[in-house]
Amino acid sequence: MEKKIQLKDELKKIKENIEKNKPLVHNITNYVTVNDCANIQLAFGGSPIMADSVLEIEEVVSVCNSLVINIGTINERTIKSMIKAGEIANIKGIPVILDPVGYGFTKLRTDGVDEILSKVKVSVIKGNISEIKGLLKGNNNINGVDVSTTDKELTVEDIFEIAKKVSKIHSCIVAVTSKVDVVTDGERVVYLSNGNRIMSDITGTGCMIGALLGVSLGGNRDNLFMGTIYGVGMMGVCGEIATKTMKKRELSTLKNNILDKVGSIKFEEFLEVLNYEYE
Amino acid sequence: MEKKIQLKDELKKIKENIEKNKPLVHNITNYVTVNDCANIQLAFGGSPIMADSVLEIEEVVSVCNSLVINIGTINERTIKSMIKAGEIANIKGIPVILDPVGYGFTKLRTDGVDEILSKVKVSVIKGNISEIKGLLKGNNNINGVDVSTTDKELTVEDIFEIAKKVSKIHSCIVAVTSKVDVVTDGERVVYLSNGNRIMSDITGTGCMIGALLGVSLGGNRDNLFMGTIYGVGMMGVCGEIATKTMKKRELSTLKNNILDKVGSIKFEEFLEVLNYEYE
Amino acid sequence: MEKKIQLKDELKKIKENIEKNKPLVHNITNYVTVNDCANIQLAFGGSPIMADSVLEIEEVVSVCNSLVINIGTINERTIKSMIKAGEIANIKGIPVILDPVGYGFTKLRTDGVDEILSKVKVSVIKGNISEIKGLLKGNNNINGVDVSTTDKELTVEDIFEIAKKVSKIHSCIVAVTSKVDVVTDGERVVYLSNGNRIMSDITGTGCMIGALLGVSLGGNRDNLFMGTIYGVGMMGVCGEIATKTMKKRELSTLKNNILDKVGSIKFEEFLEVLNYEYE
């Protein structure tokens, strides 16, 4: 109980810091969901910059409060920008959020992420369980950029164990999106069980979580763990509220409603709907 | 009459196969309409992957059930990926859908498509009549990526004749989007007359048909002709229903309503609205 | 008063010319807001083409009525296409609209725009005050791609003085978007005070003004000044109407409503809401 009150207070601070800092977030991301990522960052109180030319990366990162790297449509040009951006972010001391979309699926993605992780200290890795499991190596259950069938059967305890290991290997927070989202820094763990499976029938709900993290961490450099919980929780809560009003499988309306909610939700409503367990 | 009943039964199988297979579709497409293409594939029961680096094409195509190539914003880098993807798709035996956006408009587009068609066996070419006519060569009536004025005056019989020729040249199904959509495999032909002209005031309605074909053909490798009719018909039907509720020229709402409808339409409603002639 | 009546008559002609010409607009723009830019051009009565390969630029520009260059996600490849497109546009005599997103922010952007301006005669430069001020050189107040804090304190008179200078240096119309939008050709000036600050919480409202200009100037080569006022005014008016019906900070709905309004507004309503001063 005490812990719960404490978490609420901490989340409130996270929210206030976003408002105070209006974090500038540098995103090197994919061209599929980039518009939604920019809009959700604005809705969440941040200010997005999308720039991917290696020629300007240094200047862009230098003025930003965080960096989001999403490898959704990675190519031989952008991978270089991602690494350079990460290195500068490390020098500047700003948080780096990595979304290793499709890790384990292709050599380009796997090698690319491995290279990023070998050269860049990331603050948070956010992925689905197949991607996170892949980071432990030896995982061959791939299903494109989605979760593989066998991975769908993992329990929340399994997921935590995997996430904890990855967290320790890379000394970072790991956020696994799943039926129950698992956020751990290797010691602490929070389970977030909001949202609805139908959200995965919209492209980019995963990318948008990374985008939210860019804002919440960019404004909260001194409390990255709680910042991660706030960002991941925000998507779950807003997605859950939006799906509740949905009568038919109207997915474009659902996406609009999620984005609308992120920009208009009151903190009290967020807390009320947020469903979490803190160990 | 008998043919009509048969077509309905066949379309039902197409629909059931999509549900059963949840086809994974690899898309190499343009950055203008890519988000809508991904979302309409999800709404339609498929699972989209967008990846265009030549370094990962082989692995991506290998796990997919179909490949959609759309040259909307083609460049010197992506054309190579398109050709390689097509070649792998042929080896794996999965359907290839080609949308030759702006064929005949620029040398890059014309040569690019010619090269694709010389190296890749495509299952369906989907385009507007100017593009399809261009494939017969000698067509100089271009209007950017839209249909030229003189081509707008072609009758549905003219369109069928042109489509049939292109179909025979490339041994593939040809789907021409027009006031009346014409789908032919060189022998059979189906005329689909749903939709509404105002749909062309939304960017990407054409691209989205290609995206739908990726799903319907990906789940129905043994009945590509009927799969094409289902995909083309779905856009016309959903567009028609969405425009009917439109009172003002509110195009963003119209786009949302089309996407909503693709994700929520019942098969019975689809059949009821579908307006077709089968020769 | 007389001037006001005259302006209304001129704007009416601008509108009628768009309808008559349905201008074909070539856009080399960023991948963040490109879909909204294409859709707003269609809504506004234009016909967008997005193409950025240097291999087809010449053919594309040649059939178009205007060219919009937006450097939002510029890179080493696209800068070359932008310059070539501008040069061809000059030869063909079609208007060039330049949106120097983030000018002064990075060397790539500053040098890129400087090179464009040294090789291409542009018709309109549209930017926020930090970007326009940057074009006078010696401005170091940068805040990524947004307006810097000190620049926010400039008066409308300051803004006009800066815009006038830039206009004279580059012999072009300058449109500065701000609380009050300032449009000047170096001699005449029009102040437009529609819109609402919350519009900047949607990505791309600035880019969409450039997109609108592509349409209005493409259809009105003989009256670029009034064409600019119509394009800039349209965004302000539609944004203002859309925000008035907004009860909560629902930004996705707001964006949809703006796009809906651009496609459905009656000219009389536009004039009624348009708030301007003409010196």
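The first chain written gets the first letter, and so on, giving A, B and C; residue counts start at 1 in each chain.
Keep this in mind: contacts are C-beta pairs under 8 Å (C-beta built on N, C-alpha and C of every residue); 3 or more make two chains touch, one makes a residue touch a chain.
On a predicted model such as this, the values are computed, not experimentally measured, just so you know.
Superposition of chain B on chain C using C-alpha atoms only gives a rotation of 120 degrees, nearest 5. Of all residue numbers that take part in the contact between chain A and chain B, under half occur on both sides, making this a different-residue interface.
Once the centre of each chain is set as its mean CA position, chain A and chain B turn out to be 34 Å apart.
For chain B, the set of residues touching two or more other chains reads 31, 35, 255-256.
In the complex of the two chains, the chain C residues touching chain A come out as 30-33, 35-36, 72-76, 102, 105-109, 142-146, 201-204, 248-253, 255-256.
Against chain A, in their complex, chain B makes its touches with residues 24, 31, 34-35, 38-39, 42-43, 47-53, 55-56, 59-60, 63-64, 77, 255-257, 259-260, 263-264.
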